[in-house]
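Take a look at this one; I'll ask things after.
A, B, C and D label the chains in the order they appear, each numbered from 1.
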Amino acid sequence: MAGSSIGTIFRVTTWGESHGKAVGAVVDGCPAGLSLSEKRIQPFLDRRKPGQSRYTTQRSEADRVEILSGVFEGKTTGTPISLLIRNNDQHSADYGNLADVYRPGHADFGFDAKYGFRDYRGGGRSSGRETTGRVAAGAIAVLLLEELGIRLTAYTRSIGPVKISSFDESQIMKNRLYMPDAEAAEKASLWLEQCMKEQNSSGGTVECLVTGMPAGAGEPVFDKLDACLAKAIMSIGAVKAVEIGDGIAVAEATGAENNDPFLPGGRDSAAVRKASNHAGGILGGISDGSTIRIRASVKPTPSISRVQKTVSRTGEAVDLSIHGRHDPVIVPRAAVVVEAMTALTLADALLCGMSARLDNVKAVWKR
Amino acid sequence: MAGSSIGTIFRVTTWGESHGKAVGAVVDGCPAGLSLSEKRIQPFLDRRKPGQSRYTTQRSEADRVEILSGVFEGKTTGTPISLLIRNNDQHSADYGNLADVYRPGHADFGFDAKYGFRDYRGGGRSSGRETTGRVAAGAIAVLLLEELGIRLTAYTRSIGPVKISSFDESQIMKNRLYMPDAEAAEKASLWLEQCMKEQNSSGGTVECLVTGMPAGAGEPVFDKLDACLAKAIMSIGAVKAVEIGDGIAVAEATGAENNDPFLPGGRDSAAVRKASNHAGGILGGISDGSTIRIRASVKPTPSISRVQKTVSRTGEAVDLSIHGRHDPVIVPRAAVVVEAMTALTLADALLCGMSARLDNVKAVWKR
Amino acid sequence: MAGSSIGTIFRVTTWGESHGKAVGAVVDGCPAGLSLSEKRIQPFLDRRKPGQSRYTTQRSEADRVEILSGVFEGKTTGTPISLLIRNNDQHSADYGNLADVYRPGHADFGFDAKYGFRDYRGGGRSSGRETTGRVAAGAIAVLLLEELGIRLTAYTRSIGPVKISSFDESQIMKNRLYMPDAEAAEKASLWLEQCMKEQNSSGGTVECLVTGMPAGAGEPVFDKLDACLAKAIMSIGAVKAVEIGDGIAVAEATGAENNDPFLPGGRDSAAVRKASNHAGGILGGISDGSTIRIRASVKPTPSISRVQKTVSRTGEAVDLSIHGRHDPVIVPRAAVVVEAMTALTLADALLCGMSARLDNVKAVWKR
Amino acid sequence: MAGSSIGTIFRVTTWGESHGKAVGAVVDGCPAGLSLSEKRIQPFLDRRKPGQSRYTTQRSEADRVEILSGVFEGKTTGTPISLLIRNNDQHSADYGNLADVYRPGHADFGFDAKYGFRDYRGGGRSSGRETTGRVAAGAIAVLLLEELGIRLTAYTRSIGPVKISSFDESQIMKNRLYMPDAEAAEKASLWLEQCMKEQNSSGGTVECLVTGMPAGAGEPVFDKLDACLAKAIMSIGAVKAVEIGDGIAVAEATGAENNDPFLPGGRDSAAVRKASNHAGGILGGISDGSTIRIRASVKPTPSISRVQKTVSRTGEAVDLSIHGRHDPVIVPRAAVVVEAMTALTLADALLCGMSARLDNVKAVWKR
């Protein structure tokens, strides 16, 4: 458990806090020969950053990524790729009154309990800002997966009580909430206006689809593909549930309803198609070649302006009002983080799974 | 990704297939000095095994555990503990017609795609039988946690459309469905009778509560306690969703509803209580000292007697009827597996977290 | 640090003590499709076991290996392979007076310091007997490497002051000391007779050669191939030094002497040969395609009949005479253990290195 | 095998190449509460850098370290510590003619064989420059160990044929060769002058002593303390042998000579002293409380001005003369790297070993 690292072969280590000088990531194990540049990574960071809509914090970060190693003449060398993003907008002043109280719903108390003290400025290491490193690293994984014909699409599926009821991929980048349903995006906006008026915040769900995934990835029994995805997604701050395929709906289904019958004539070498996809692309912990479907439930942002009851470090009751900046919703920004974590997990699973068959080992190594 | 191992310090490796000679586990990193014997582990295995009710497979396994190493004069020595459970009742004959077809909802196809071939007898490594090793290892973790005042309670929360509406812990072991609500257990039985008549199966949910967990366990950012729990639980066959605390309900909650206010006067050294526990005992990926609440959604068992459409290995359409033994529901048996995986995760997190503070490191090592 | 496991993809976990019921190993990550049976593994164990010459302990162990999982119809399935070897000859009586004293040169004190107590019978987990699991697992790695055209040869290079001065591979299995030089074997025997007369023991060196290794294996910077080999070999009890190629001799060489010039026309795709091989087949931590040469220095067995000064657990001075069985030399038996550990390391490096190039990743996974 | 990371709890990831923008390291798992600043780390880097004597390369690097995260108000927070050192002096021009040839004794060929191509400038990731990250991270480990009363002393033990024959610690920093024997330092200087005249280079040995190490650290069987040290030291470029205690001398010793008798009355809780220390402070893979002694044999620097035979990438014979800068000896600079790697290994072993006893686990976690 080196808490700041994830992955076995395609291994990512992130670092940095909200108010440190910078945040970043080191990507180790990326195969050599992949085209890579700051320009190819930047769009992912742009989708993540604050200040993009009236529903996201007005913190002005440029979030420009720098590649400090691991790329030569435009291609990855196979050596670690170090990514750095400088912190600019840190408003230390916003956090003055928070040094000695525990904000409800935040990790403040946990960090104090664990380490004995904490960097109280803006959430320190528990801040949403640490997802910057994840997204930059995830971008590299996405590019690698693209080389294999694998494509990820992440979007907001619901905000509060408003769910999408149709799916048009082209709509995702056309509204500020990253919903693939323009009408739902409208309704969600109204809901959020209401939240903001009431000094409140909202939760929601993010969904990610993966097409083109070959069958056979995942390592039973403990590193099953869905288990690894669950860990990666649950590690994103504010996520409280992870579902694969039909998710919680399977609990009320019967076997006849839930099984996906196999049909002849498929895409990959094993030539299998399925009549349905309740499984969400993963069976027995191994990818089956159909679309992978993952869903994350995101809790409402804990920082709200309303007065909340809490305690100080010394245990006294305190009425807390959190000034400064906070989002009424973080779900749309979480979409690219879900995509990044999904990509990292799939990339690692594919690289780890290369040696499953003796034939493939011989193909690579036999002289 | 050594797929058959889980954990960093308290590390468990399981082995064995449905129709091999035996199944087992190796537990490495258990602290020395814990009282341990076959007698202390056996009750956990007894809760797991088949043939306990008319709703579970009539496969007669004694499932007697043997401790082959790591215990001396009744106490763990700190060296690896090898556990072995011999397979007795293997009915190879039941699986004859399954060698060349892929059973819908099972891992057959996945294993073929991954390895090129598979042990088709009864599911091989993907069989539910591999959970035997998990449960035996998990028992040791439960005993270790008990030494620290930590207690786990796992039970069936719902089967199909039938949910518990009250909670009486003493009821759990009094009905065959392990539900803490006798009335719900009755209704669920009727539901299952119907399923069996229709040659169908049912899904459900399992919940696990953990009391007495100290605050401060979990390693941000990727080995957060909830992330590790999600992986451990999702790795159990048939699980398609994992929820912490309020789980998916957070998506439709607001910040004011979802935040747990802190109150003065608590149990542990940091003296903090909470007015509610929507978070389910984990905040920012670190335990906060309140009850941990985890929920797993289990899909209906895929093996049903009804005719199902599938394909053979060579890609031809086949109508399949699976004879032999299968459960209309596996949710009750999954409860002890959920408990085991939760225990393993918590034990590992606690052992990994011992070095978080320099003071503790000095207390153990300074001469 | 799960101390009882080694490897990342080809991962081995061993378990068992000198006086427990059995010893064994779990091999995870072996590619599917390798021919495997007890019969293929047994010869390796036979080379390791005691009672083979008048210089090795007269402990009569059959050391018959059982494969409990991971093989189906004669081939590995890709799932974990569990190996078990029952302990038979345990002479508990021999160790009665040792429960409360620390034998010089043994791990007794260390285990007490670490765990607070120890299984004092025969060395418990620190006993040479745990190498049985290593050798059984190593056998599988050797068989895998053979499939890739890689061959290992391990032998005794010196015993005490007697070094080999010629190399004839066919001699290795013709003398009890496993020396590839019959004359040296004779001299060494005389030396050992002298040691036994004096109730003393002798050290020596083991060397292992690897031919056919492809270039490109090893992961800079910390998992360099030689670094991993050093760890694997040093982990063998009684080893106090590990050398690669010329080893310690490089300290007194100059650059002009030590560099291996490259020559045109080689064996593998990169078409490179070397005029010499001071490097021992590994350059910059990566295999270069020439013969790998590793050497282990083994200390004399600590258990001797002579009276030795030591202390009891309570700190009092004690004069200790160790009765029972002990070898005047363990070097020959260590040869197969060095071979096993070398094989495990090379197998893991090859499997981990499969994803170094994007081209290979595409070859395996692109649909 | 994430090649660029080492350690389990105290985990270090390094990144950066010779001619990239910067080099650095991320240190994860350092306990919270340790005093840390750039000022405390800088002296270690100063000992490592080039241009310190007429025997080391005249590459002018300031090597100023920046701490980008993980420290708050002068103390480590327990979160990852990111260290960055910018590259200044890169002389790309020096390497022009080396893009297409393999320098004998260097990793050029290995990297090409592994990745298909390489960053040819100055050795890329295989350059000695990557040790900068190691040393910076190792400095933090040294500071942590100091808090526990553990002290490391590394020095040059021999250069070519010249060995130290006395030991005066105060001499180490008084001569450019870091030898604790002024007379030997003189002789070694003369030897090196001769090498430089002959356009040649020299090897040597580095030794590191550790005092104050508590007994009980190390994880049998595969993560024994000496095994982990061997890996860490062997991973340093140019190291071809690692010895513990008497090292290779044990091969020619007898048991009576080599065993270290235990004596009553020691330093730590187990109250044990030894009459000698042939074991070098580690027995059965576990520290025994006496001085740890490690020795590394370093090969002569491969880059020499003399003409050498080699081949080009396309396999043609080439006569190569390496212009630009190179050291006639790197042994003195390797001393601080050996110290760093030793510190990292010991720190990790101590943190991993905190949970060996149930009593210690209770002391930290029981509520």
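FYI, a contact is a pair of C-beta atoms (placed from the backbone, for glycine too) under 8 Å apart; a residue touches a chain by one contact, two chains touch by 3 or more.
From a predicted model like this one, the values you see are computed outputs, not experimental measurements.
A.B. asks: Could you figure out which pair among A-C, A-D or A-B mirrors the C-D interface, over half of its contact pairs being identical by residue number?
C.D. replies: Repeated interface of C-D: A-B.
A.B. asks: Is the C-beta contact count larger for B-C or for B-D?
C.D. replies: When B-D is set beside B-C, the one with more contacts is B-C.
A.B. asks: How many angstrom between the C-alpha centroids of subunit B and subunit A?
C.D. replies: Roughly 25 Å separates the two chain centres.
A.B. asks: Can you check how far apart subunit B and subunit C are, centre to centre, with Cα atoms defining each centre and the answer in Å?
C.D. replies: A distance of 37 Å separates the two centres.
A.B. asks: Nearest whole angstrom, what separates the Cα centre of subunit B from the Cα centre of subunit D?
C.D. replies: Here subunit B and subunit D have centroids separated by 44 Å.
A.B. asks: Give the residues of subunit C touching no fewer than two other chains, as numbers and ranges.
C.D. replies: 1-5, 8-9, 14, 29, 32-33, 78-79, 114-116, 125, 214, 220, 268, 352, 356-357, 359
A.B. asks: Where on subunit B does subunit C make contact in their complex?
C.D. replies: Against subunit C, subunit B makes touches at 1-5, 7-9, 11, 13-17, 20-24, 26, 28-29, 32-33, 66, 68-70, 72, 75, 77-82, 84, 114-119, 124-125.
A.B. asks: In the complex formed with subunit A, which residues of subunit B make contact?
C.D. replies: 1-6, 8-9, 14, 102, 104-116, 125-126, 130, 158, 160-161, 195, 198, 200-205, 214-224, 226-235, 237, 240-265, 268, 270-272, 275, 278-280, 283-289, 297-304, 306, 308-311, 315-317, 348-349, 352-353, 356-357, 359
A.B. asks: Subunit B touches which residues of subunit D in the complex?
C.D. replies: 8-10, 29, 31-34, 76, 78-79, 144, 147-149, 212, 214, 217, 220, 267-269, 350-352, 354-367
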